[in-house]
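Next come two complexes, and both contain chain A; in the first it sits with chain B, in the second with chain C.
And now, the complex of A and B:
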């Protein structure tokens, strides 16, 4: 296994470059130097220093300036970035990264292995909870020479490489941060990275300007002269900016789903929902298993069968996204497409509930559950309204509650809800982004843990087996088994694999080339003439 | 009574208002018959334009019948308008009567208290109250009542101030009637006409307030209201104009009707005022 993996990695270094060159040729367009790419950033981030801030807008903009050791293809295979190549020992504990030669920070200092060790062991270890949880598995992390980093883990951890993307662990300059308070160091306000674009100007509430890094380590790149992020708070103004061509690219939640159909009609625009494979957000009805009868798997199964997921995707999200099939999104590694939720079938759902001993009363209601809508915007309210009607068809009354975003997080974190809507990033691997919702060891009074309180020793054991194993085949077996088990148990009622549209002018090329989509360096993006 | 009706009839706008209001009441009363089932039911495909597939006023983003929403929404809107007005009147009349009749320190105390409420922008205050008590129908009614009583208190106080020194009140006092009895049987009936006029306008503004709260997503999420319909239609207005336009017309007509009726009542209850205005026009 380890040998074949190494073999793949040796070829990985050249493959993406070839692919892109041939892609450009196929379109009949050679990359063109020059031009300004206007985009939007919504909402405006407080700082652009990745690590200090890890919210969506920062994760999208910062990788233009900061890079990770690796990046990931749309099938989540690692691709070289600041690491030219890497090897993994057969026992899955030792990782050796060989760094690119001649890489410089924006201030002219050379980028070395010392920066890598600092970024991993100090910077992200202190600032990022998600990185800390995984980097704690590191026994030693050392610079063998200025261009080689060796990491030894306490135990094998197969998804380890997924932590080396810029959004998870970007490389930051040791000489500007070491010995200072990372959150208040001067470099936080004027970011210094190794990326293809340098920070130039930020007029708060107006725009952020990044200019071409003339000394970028990839010869001839980047192609663009300037990237400008406009800050436009109103969603209809953002739509107009895209329609009028003031901005050439919109990303993430810049554009509301209900504006998508009109933008799809425009000949000069391309609407793309790829490029979120690394994050793969999955939405579900979050059930509190402490509330009867939600502890009954038959009830949860029937509720799941009462929902027409195609209606949700096509009518509410206007086709942006996919119906969920099981707890692991289809774009996350180890997804098993043979484990599928029971299909939409109202009659069968009613039969299950009748047999389970929940008869309808005179009003046709079997039982009433409170349902707290997700306060993230109108579309989530519409979703809850749809679900109320869907549940009504099988005799379950949803009593709606509304809250604000702060109260929602507090109430979910304190288990003070009966049902609500939730969505969570999967970060490429079930151990990183799926396990946390279902294992009983993670039942915590914290949002995005197993707040539902589902506990099943079999599920715990399978996730543990997958976590501890270094062999992909063994992990796949455990994950397949747990997916089959979970689609029968339906601990949470999965609804949809969310996607966020990237809408851009057709002249802008190479926008989405990896599983991280717009969260990449854009060093190969160009504007065709 | 026939005299009252004759004076009311003289204001043609008021008659039109009354007819519209009667139609709205009829719509609300007949909603369960005209549109059986819940207004939340998904009756057809989403975004069906008005007049197609049996949807008189089109369907919304989930395929719900907009006409059914308006009919069922009328019940909630009228109910909220009526209940919150009654609640506001009971607070306002009590405090106003108390201040106006007793005068002195009591008057000062009550009026400072009232001014305190008047200085807070009423809509912002209503949003705050609903947000604190979580949006339900009772918290919405409560919030509307709390922000709309101060004008009532001031009007009632002014009436009481001018009436309490009239001869008939003095006569009642000399006769040894209790204060409560004087307030309820002698002064209040004579102060009734401005209160009636004011309350018809208050119903209108309560309906507007409720719609505005629902528009912002602060309505009761389990009840269909006009404001909710507009709020839900706002974001897709370029795709489905009918989702916001028809409920908007319903609110416009109802509020207009209530204002016209209020004016008619004012004419009928203050004949001298009406004649002066008629002469001037």
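And now, the complex of A and C:
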């Protein structure tokens, strides 16, 4: 179902999805009004205006205040939000969104189609690289009437709807941004959205407070009075805060994986790893193909075979996440489970390297590679230490380098590395989140492009075919073929489909109900008595 | 100290201080820009997607596209007019970010300072008077332990004991958030949050003061004027207070001056462990994010504090020991 193309009236097709979502909602417990939900936000974002800032913490907190036209189920089916219905023309070029009636911005102004046109064509086009790359395909975007938006694309683009989640293209108020410098407008400091919670206070380094929007357009919601994000920089202090009940919910990388087993033991806590389907982060050893012998596919294959991914998942991440099988995460559309990396086999890896002409020297080393650990927390250092051990088993020496986040981003962006660790969001569709790492047209001196420098005309052609096609079956064929090709080529050594645990007090209900998990509005979240 | 010499002294020291601070500003600027990575690449790295235009826009906005010497000149001009610049990352003026966080740090470090000085001197005096006996041994061992144990570990252990086991004190933050408290309740609430971080931060200095006081008191106690005082029949308590302690305080003041100079920046670890919203963490986060303006601003405030407290220390010497004269 996940890949079917929408027909004329997509509203009909979304009904079963809604049912499924409401089934996921707390069964049998009547929602309770009131209460304060204390959470954490790590690290503290610089600003909460989505678009101006697109970092993980912002994407988690901002959707409480800002909403997109759509949101997505755990199988990545679109669900109505600010758009109550939409239609797509048979040629896949014309999209018409019918907006919710009676929606108001937090400052009381009505939300209209003009805001939608502004948000898409000006705000995100100007600020957000990801949105810009997709919205450039728009030929016209117009407000037909105050509650109808019509978008015509230059060419069919099947993953288009995925760009309308709040984390990709949140709707922002035209009257507060138009004609101003978007980054310095006063609204950036005091966000104004349509969401169930209003921005109240931010004591930097301490907490962010959001309060109930009394004028919220969904009747009776939200249930919570207040959401408070505490800023707690030390991971052990965060764990203590969860254990002692001082915060009721932890998300993303608040809790280090090695603390999870202890928290699983606690009766009052629920550990949930769903809700990352839209992002589906995939981690890999990032190889710089300009460094010999990493340009040799046999070497990359052997390196991949030297890694025990089950060990990584079970011993380092304590069962949170899944071993990667190919470049497309299993939760992303068009994943082909028949395309699989060669299995863990140290003897075979050694044999391949012997045959490829990389003999061991007197110390048993075939060649040495520099390896830069990812500076995003203790767990990544542990991963790199494991990898050094695994590579030593096949005669490859990893020479470890340590950096901080700033140097890491700079060095990867400038191709000044040999190997490192990276993880990248897939955004639901390979065209949106996978293609960028492998096509030669995207070799740029910028992080999260094809920084490795892998180039293969066949791969380019297949991704292009999938991008240009409006037919899901044709796209699936192209994606299946490219996945099969890439597991042979191993341009990057995929390690793990990451999942981040959402750990919360059992009294907090409806936390994970969509494929966006904690990156949603929380309008239906409540604290049971 | 002759009061008539004071204005001249202050003027000479003031001129020197400005020169020193300016030199520090330039050094900081050079050092920070020598670190690899810039704010734009950090933001790109954290945003999950970027393109060339995005980076160029950010660099232009941050003023990083200008030649290096122009950036330095712009910053120096700003500092000379007491304008610390603008954090483009956080979209706020630097002085505002710093002034928001300064009270929290001053409260924490001030409390730790007061605790360390009073408890340290008292314990040191006690140990010196009971030298060689069990009270001395206990104090010396405790002081040595606090001196040698890493701060963050002490902090975590205190949290485990007082927050997790006994559930007496909160483990993080500066105040309860999300509850309405009236005046006195609010003060008590902050006080409760303050105990653990202030104790953690203060213990190290407490150890230093205790050891320093003990050592110098023992040294002074052997000197002739103390013997004379005893010989002429001055009561023991007065001998200790007026003759021994007062003369033994000079090195303690020197060290207190150094600690006071670090009041602003020296508490990053404790602020991190206890999620205390102070300036040390502001600096640390700014360093990781390459938020140059904020980092330079914090360094500037810190260096001004150090220079200022050195001056105060010099003046205090003269107050405690009239034989010391102030000289430029």
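One rule holds for everything that comes next: the second predicted complex is superposed on the first by the 502 of 529 C-alpha atoms of A that agree within 3 Å, B and C clash if a C-alpha of one lies under 4 Å from a C-alpha of the other, contacts with A are read in each partner's own complex, and residues count from 1 in each chain.
In this section, a contact is a pair of C-beta atoms (placed from the backbone, for glycine too) under 8 Å apart; a residue touches a chain by one contact, two chains touch by 3 or more.
These numbers come from a predicted model, not from an experiment.
Asker: Considering only touches as defined above, state whether A:261 meets chain B (first), chain C (second), both or neither.
Answerer: In the superposed model, A:261 contacts chain B only, not chain C.
Asker: Once the structures are superposed on A, label A:315 by its partner contacts, choosing first (chain B), second (chain C), both or neither.
Answerer: first
Asker: Touch check for A:373: first (chain B), second (chain C), both, or neither?
Answerer: Only chain B; A:373 stays clear of chain C.
Asker: Per the contact definition in the header, classify A:404: touching chain B only (first), chain C only (second), both, or neither.
Answerer: both
Asker: For A:54, select first, second, both or neither according to whether it touches chain B, chain C, the two together, or no partner.
Answerer: Touch status of A:54: second partner only.
Asker: Quick check for you: in the superposed arrangement, does A:386 touch first (chain B), second (chain C), both or neither?
Answerer: A:386 sits against chain B, while chain C stays out of touch.
Asker: Residues of chain A touched: more by chain B or chain C?
Answerer: Of chain B and chain C, C contacts more residues of chain A.
Asker: What is the contact status of A:478 with respect to chain B (first) and chain C (second): first, second, both, or neither?
Answerer: After superposing on A, A:478 lies clear of both chain B and chain C.
Asker: Between chain B and chain C, which residues of chain A are contacted by each of them?
Answerer: Touching chain B and chain C on chain A: residues 403-404.
Asker: Considering only the defined contacts, which chain B positions touch chain A in the complex?
Answerer: 38, 40-42, 46, 61-63, 131, 134-135, 217-218, 221-222, 232, 235-236, 238-239
Asker: Inside the complex, what are the residues of chain C that reach chain A?
Answerer: Against chain A, chain C makes touches at 35-38, 41-55, 61, 87-92, 97, 100-101, 104, 156, 159, 163-164, 167, 170-174, 177-178, 271-275, 277-278, 281-282, 285, 287-290.
Asker: Using the touch definition from the top, list the residues of chain A that touch chain C in their complex.
Answerer: Touch residues, chain A against chain C: 36, 38, 43-44, 46-47, 52-56, 128-130, 132-133, 183-184, 188-189, 203-207, 209, 226, 228, 230-234, 236-237, 240-241, 243-244, 246, 403-413, 424-425, 436, 444-449.
Asker: What does chain A use to touch chain B in their complex?
Answerer: Chain A reaches chain B through residues 256, 258, 261-262, 315-316, 373, 378, 381-382, 384-386, 388-389, 392, 399-404.
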